Structure formats: structure tokens, C-alpha cells
Amino acid sequence: MQDKYAQVRLISKPENMLKTVYTACRTCYSADSPLNIYDCESAQDDEKMLKLINRVISSGHYSTIEHIQVSFAISNISRACSHQLVRHRHMSFSQKSQRYVKEKGQFDYLVPDTIDSNPELKQKFDEFMGKISEFYTELTENGIPAEDARAVLPNACSTSMVASLNLRELIHLANLRLCTRAQKEIRMLVKKMCDVLVQEEPWLKDYLVPKCERLGYCDEDKSCGRKPVKEK
Amino acid sequence: MQDKYAQVRLISKPENMLKTVYTACRTCYSADSPLNIYDCESAQDDEKMLKLINRVISSGHYSTIEHIQVSFAISNISRACSHQLVRHRHMSFSQKSQRYVKEKGQFDYLVPDTIDSNPELKQKFDEFMGKISEFYTELTENGIPAEDARAVLPNACSTSMVASLNLRELIHLANLRLCTRAQKEIRMLVKKMCDVLVQEEPWLKDYLVPKCERLGYCDEDKSCGRKPVKEK
Amino acid sequence: MQDKYAQVRLISKPENMLKTVYTACRTCYSADSPLNIYDCESAQDDEKMLKLINRVISSGHYSTIEHIQVSFAISNISRACSHQLVRHRHMSFSQKSQRYVKEKGQFDYLVPDTIDSNPELKQKFDEFMGKISEFYTELTENGIPAEDARAVLPNACSTSMVASLNLRELIHLANLRLCTRAQKEIRMLVKKMCDVLVQEEPWLKDYLVPKCERLGYCDEDKSCGRKPVKEK
Amino acid sequence: MQDKYAQVRLISKPENMLKTVYTACRTCYSADSPLNIYDCESAQDDEKMLKLINRVISSGHYSTIEHIQVSFAISNISRACSHQLVRHRHMSFSQKSQRYVKEKGQFDYLVPDTIDSNPELKQKFDEFMGKISEFYTELTENGIPAEDARAVLPNACSTSMVASLNLRELIHLANLRLCTRAQKEIRMLVKKMCDVLVQEEPWLKDYLVPKCERLGYCDEDKSCGRKPVKEK
């Protein structure tokens, strides 16, 4: 077993990120060519560029921020969590394969908080993971290929991946998965993804928020208290 | 435990399927309006329509068959299989939630063929599924919510879903997943999806094939023998 | 020249539309298989099904309505309008080709309202369309292929298409394009698409609205007056 | 009027492009975490990384190259060409708006080669563009808004955009649009996009080819001679 939550590192973002989005935003409304916009004086001035970009995003013209794609290396998330994440169909994933990678010895796994905080259940949980590991090994030692032996591996089993998405999709991901209603593990994962990006690009902070912050109200049946539900 | 492989039923296809695709195909190349094409005499003649549609698909103009979307009710597939299926990002899925649906008593599960054909391992496998079920129940009875207790549920655990996709994506799905290289469970699932559709729409038979049949050669590193690998 | 705005006909929707969505919605939250849900008694009761479907859509779980795809035959829209429409990347289009279909005699075209309502400019506009038509014909008669002669054809030139989209995307399309800020021609087009669908499926009426009706406020810089802008 | 074909500049690609794809490729088949793979010694060795990446792409596992997104500034293409380009639904576009940007004086335009090479028609074409420009100006001076006056602007009219796409889509774009069957203007555009990228990333050269080079045969009705048509 490892850390309690996902390990996340930002491994790639576009060269010239601000200039690219700034050029995209101005191209829509300018008689000037994007090549000239890219070379112009304003495109040397981060503050000027950010002012325009912020205005465009605030007015909901999200297509301009599709030009920014970022890539994360993610490890130590459960297969339950990865099954939720890969449902985001605008993302690109390269995930560790349970068909091609055989587990050797005790597999890594994630313990849900509600179990982790109960010492007795936690001990039983760890023992049970050990038993699963033993049975998995027995299967593979009896000639069962990894792709079939994995039938016994649990949702708790750890996986890792490289995941890429553009800024529009990242905002959408944050809106949905930072919501208190999302399951804790994916909430913590998406929070880390946002945090490591905001560390390098602080101007993104205000956009990577739960949907209630964007809407101004909670659109779920019951609010967690952060924002009131929408009045009818 | 239930049947060995997926249960699949075609629950929806478009009204006027042939006329819709026929109208789409002819709209691209005709001075006539799609409303007139739809009402014209040829659009009463299945054979005439199929001749055109087949010609268009054969020449690779797949955008015209995106107008056909079909929906399948699928049950008795493993979570391992569903994790592969939901990676097809042009499909739409509504899957049974392990967060919101608590397993009661022994959960359903799928036994991989390599294990099923080994009586000794099969018996151990069944016993092990029983132990997992017991531990799952112990967790939920101790107040662990279903969304966390499911951490112990195995990849073998059965799931079900409604899945929709257009004909272009179905052809792509068949090309990839009917290939001998695909894992057996998803191969059987996709075969059933194709079979139940072809039963109602026999003209689709020739398109719902492994990729080697479409390409004329195998593009994998090693061929299963169905087609020779591409000559360099 | 023809009618002032688009002609639109709904040419396809799914068989068993309500039952399919109902089955999808319940599959997520039920221990029952989608095949049983589809066959159950409630799935004979339109009112019961609509109650559930409405609740699911209202709480923003739009993935379940991706299972409904509808197809429209559209004619008499300008190329300016079609250029806007095809930017909706979740839609499927089969559009009349200006490469392969040669205009014969005066091409059809659309007159923008602001020009149509000014008799003097309207007359000049019609005459100008005539001149373009003559030059186009001169080019093709001199051996210029249609794909190049079309270089002189104007944005006003009429086009037609078959367009398909799922209900999630249609709601998004309505949200954006029924907004007063959208250009009049595409607003009228999308209104007709919604109208012909609502005529057959009245329960959809409340969802096919401009975004301000969904949000509860206007998120543009200035409101048209329908809803107040979001308070800061 | 300007140059005969598109102006294209590569304005953004990912930092650490090779390391990112290399990490993605190895993550699928390795027990090691993507964070460790990214930091390992091999990831310092371009040659080693390229060897693996080339092998993965050659065997058709295109999902791994979705992690690379590139952005181009494009100007001097016709609206006819942009209407073809924006049909690629996996791309992101920010295009100069004819609604919001009013043409001042003679608009830029592209002359198709077949007209350009005929001096008499070329002269008439230029004169006609002049007349359209005059009528456009008359309309706007009479209070017609740009979004309606553009109804008279021709397909030849020049536009510009910022376009982004991932490497998988770029290979698909090249496969389709470098084919002799594609219209010359978009063929020249896509060729330039490929050329400017290959200049910086020479290893991509072999993938950015017409589809017949990838398939080994021509899948059109008639071959241009580059490759023979597929034998039945």
C-alpha cells in the first residue's frame, strides 16, 4: 500500500500557451492575420494577454481555450476511480493494462477513507487484499493468463495512466468532480490535477472550481451548503 | 452465476432507417432537396436504396451512416469487459452504478473460459467469489456505504448497461473487437451485438467484420491466420 | 428565390424512444437488468416513464438522453448559416456538395431580413445575384470545373442537408442558437427544428429553450431583456 | 490579393513532446509508474524513445499519440476551403468572423488555379471581385450590418484561423486531404501544415502521407496512379 490518494504530475503543456490562446481570441474579431497577431507587441505583454483571455473565458466562449492541452502522469488511483475518469470522452488516456502487465507479489491498492478510519475493518481489508493476491498468484502459476487471472482483482487495485485534456474539458471536469457529490477519491484526484496546473498557471485558479461556483447556485437535488439550490 | 457470455438485445433503431441514409447519401450529390428525395419513388424501393447505400459505404464515405444510431440492452458482462467497452468514446452509455446499487446476497459474476475449463480452479474461483461476497456484506452491515464497500468487488463482477452508437462507430467497434487479438469476452459481446442487428438488417453483415477483412491483410505484429500480415 | 427561411422536416427518430431512455435511466440505479426493465409493466405507461425521464433531465444527467438521436431534412438555408451549423461538432451532416453539384440557371439564395425590408437594396441584391449566376455559368461553360467556379458563389447561396444529433446536443444547440444574440437565420432554423420535434414529442418543449431559461439568468455581456444578467 | 496558397505557421506544440508520448506508450505495458518512467534514463535518449514510439504507431495504437496537440496559425485560405476544414470534428478552430469583422476596401480572395492560368478569365474574375467589394461597401454604408452584408461575399473570400489538433487527427487529416482526390487548395494547406511540423519533428514524416501510402492500395473508385486500387 502507498499514499492515501493519487500522485499527480503535470508532464506537458503547450509551448507559448498564453500567446497561442491570445492569438486565437483576437483572430475571431480582428482584420489582422493570426501570424501578425502572434508577432505583435501586445503578445509580449502577459498582463495584456491575460486581461483579454479572462474576458473571453468569462463570457463563455470556451472554444478558444481548446487550443491548450495539458498532460498529467497519474498513479496510485483505484480501478474504481479510473473507471469513472475514463467516462470523460473528450480526454485521452494511456492506462496500465491488466491484460499485459502481470501483478507480482502483493498488488498495490487504495483503502477508502471510511474503511481506513475503522482500525478493525482496515485490518480485515488488508488481510483480504493479501488473500486475493495469493489466489491471483495461484491462478497465474497454474497457467491462467494475466488477462483472465485479473478477474479476481478488486476495484481497490491501484492503476496508473497518462491523461491529456484541453482546458475546456478540464474546466468541465473540475465543475463536475470537485462537487461534493462526486466520490471522494476522484475529487481528490481532480483537485490535485488542478493544483499542480494552477501552481504553474495561477491565472487558471478561478475557473477550476465546482459547478456551483460557476452557476451561482447548486443544481443538485440537495445542496452541500456551499451554494443555495436554484430557486424555482 | 448465469450464462457464460453477455445477453444482448437490440432495443432501438431509427424509424425509416434505409430512407434516412438513402436521403443523406443522395443529398450530397443531387440538385434536389432532401425533402423531395425522401418523398421520391426510389425511396419506396428497398433494393434500389440498398444498392446506393452499399456503394457509398464501400467507397469509405462513412459520414453518411452516422445518421443511423442503434441502442442495445446489455447484461451479464464483467466489469473488466465494461471497462474496455467504455473506452470507445463515440458511444453513449448508461451503466449500472456500483455507487448507488448495493449488491444483495451473492453478486453475479463471469468466469473466464480458461478458468471455467479447469474444474479444480473453477471450484476455487466460485468459493472465492463467495468469500468476497461475504466480506462485502460485512462491510455494508458495518455502515460502509456501497460506493466504498465495492472496493473489494472483483473485475469478474457482472454489470449491465444500455449502450448506443452510430453505424460508423459500430463498424469501427466490430473491426477492432472481432479481431482474434481482442479479449474473448468483449469479442463475444460485440459478436452478439452485430448478430442481433444483422438479424433485423441483413445488409449490414458484410461490414460488421474484423479489420483484416476490411483491409485485406492483418496489421497486427502476428496474424491469427485469417489473413496474411501486410507485406512490407 | 424561395421562402424566407429554412424548410425543415423530421425524417427519423428512434423506435421506442421513451422506453429506450426510460430503460437507460433506470439501469443506472437498479439491480434489475435492462432487458427486464424494458419488458416491465411501467415501461408500458408513458406517463410513469415521462415522470422519471423529466426528473433525470432536470437534475442535469444528460448522458441518458444521448440514446435518442433524431434526423432532420433541411433545405433553403444559406451557406453562411450552414457554416455556423457545421461548427457543432457533435452533429452528423450530409450536405449538398458545391464540388459535385453544378448550379444550373439561377441558383437559389437567401435574402437577409435587413436587406429584404429595403425595397431598393432588395432589387439591387436580386440583380447582383443574377450577375453572379451569369459569371458562374460563363466560367463553367469555359471548362472551369464546378469545384472552382463556385469560388464566385456568395454566402447567400442556398444549400441543403440531412443533419442528425442526439437530444443532449439538440438541447445544447437550442440553448445557444435560440439566444437573441445568435444570427437571425440560424435562430429561425433551430426554432423550426425544435418545433417539428416538439409537435411529435411535446414533453421536450421545456428543454428546447435559450440558455438563459435554463440558467435562470443571462450570461452575455448585455441582456436582450428576457432575463437579467447574472449578478456579480 | 496575396500569395496563391495558405500561409501556415506552427505556433505551439507540447513541451517535452517525445518524453510525454514515450511515457504514455510505456505506461500501458509496464509495472512502473508513469512518474518513474518519465524520470528514467531512457527518457533522456531521443533515439531510444523514437524507436519505441515508431513501433507503437506502426502497429496502429494511435491513442498514445493523442497526447500531442499542435496549433497552427493559418491565413490566406478561401471560405470554401475553411468550410471543408471545419468538417474535421476532432479539431479546434478560432476563425475570423464575418459577423464581427467588417471588410474595408477590397477584400482579400483566392483565385483557383484553373482560373488563374487563364489570363482572360483571371482578369474577369478580378474585376468581378471588385464589383462584389463595391456592392458590399454600398450595403454597409446603407446601414446593413456586416453579418448581413456578407451575404454577397464569395467563397473565394480569404479567411484566417488558429487551428489545433492532436497527432492522431493530423495523421487522419493527412491521409484524407493529401489524397489526389481532395481539392487542390486544401491539399496545399494540409501539405504546408505537415511540412512546417516535419521541419521541427522530422520523425513524423513517414506518417503524414495520403491514405494509399498507409493502406498499401487506393480505396477510391479510380486510382490517380500512385498506388493500384485494391484487388477484389
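We call the chains A, B, C and D, going by the order they appear; numbering starts again at 1 in every chain.
Here is the rule we use: a residue touches a chain if its C-beta (ideal position, glycine included) is under 8 Å from a C-beta of that chain, and two chains touch if they have at least 3 such contacts.
The structure presented is a predicted model; accordingly, all values stated were derived computationally and were not measured.
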For the copies chain C and chain D, the interface residues, called same if over half of the numbers are used by both and different if under half, are same
Rounded to the nearest Å, the gap between Cα centres of chain A and chain B is 27
Separation of the C-alpha centres, chain B versus chain D, in whole Å, is 33
Within chain B, the set of residues that touch 2 or more other chains is 93
Among line, ring, star, complete and other, the chain touch graph is complete
Listed in rising order, chain D residues that touch chain C in their complex are 78-80, 82-83, 86-87, 89-90, 93, 98-99, 109-115, 118, 121, 124-125, 128, 131-132, 135, 138-139, 142-145, 147-148, 150-156, 183
Within the complex, chain C is touched by chain A residues 59-60, 215-217, 219-221, 230-231
Listed in rising order, chain C residues that touch chain B in their complex are 7, 9, 11-17, 19-20, 23-25, 27-31, 33-35, 37-38, 63-64, 66-67, 69, 71, 73-76, 92-97, 100-101, 104, 160-162, 164, 166
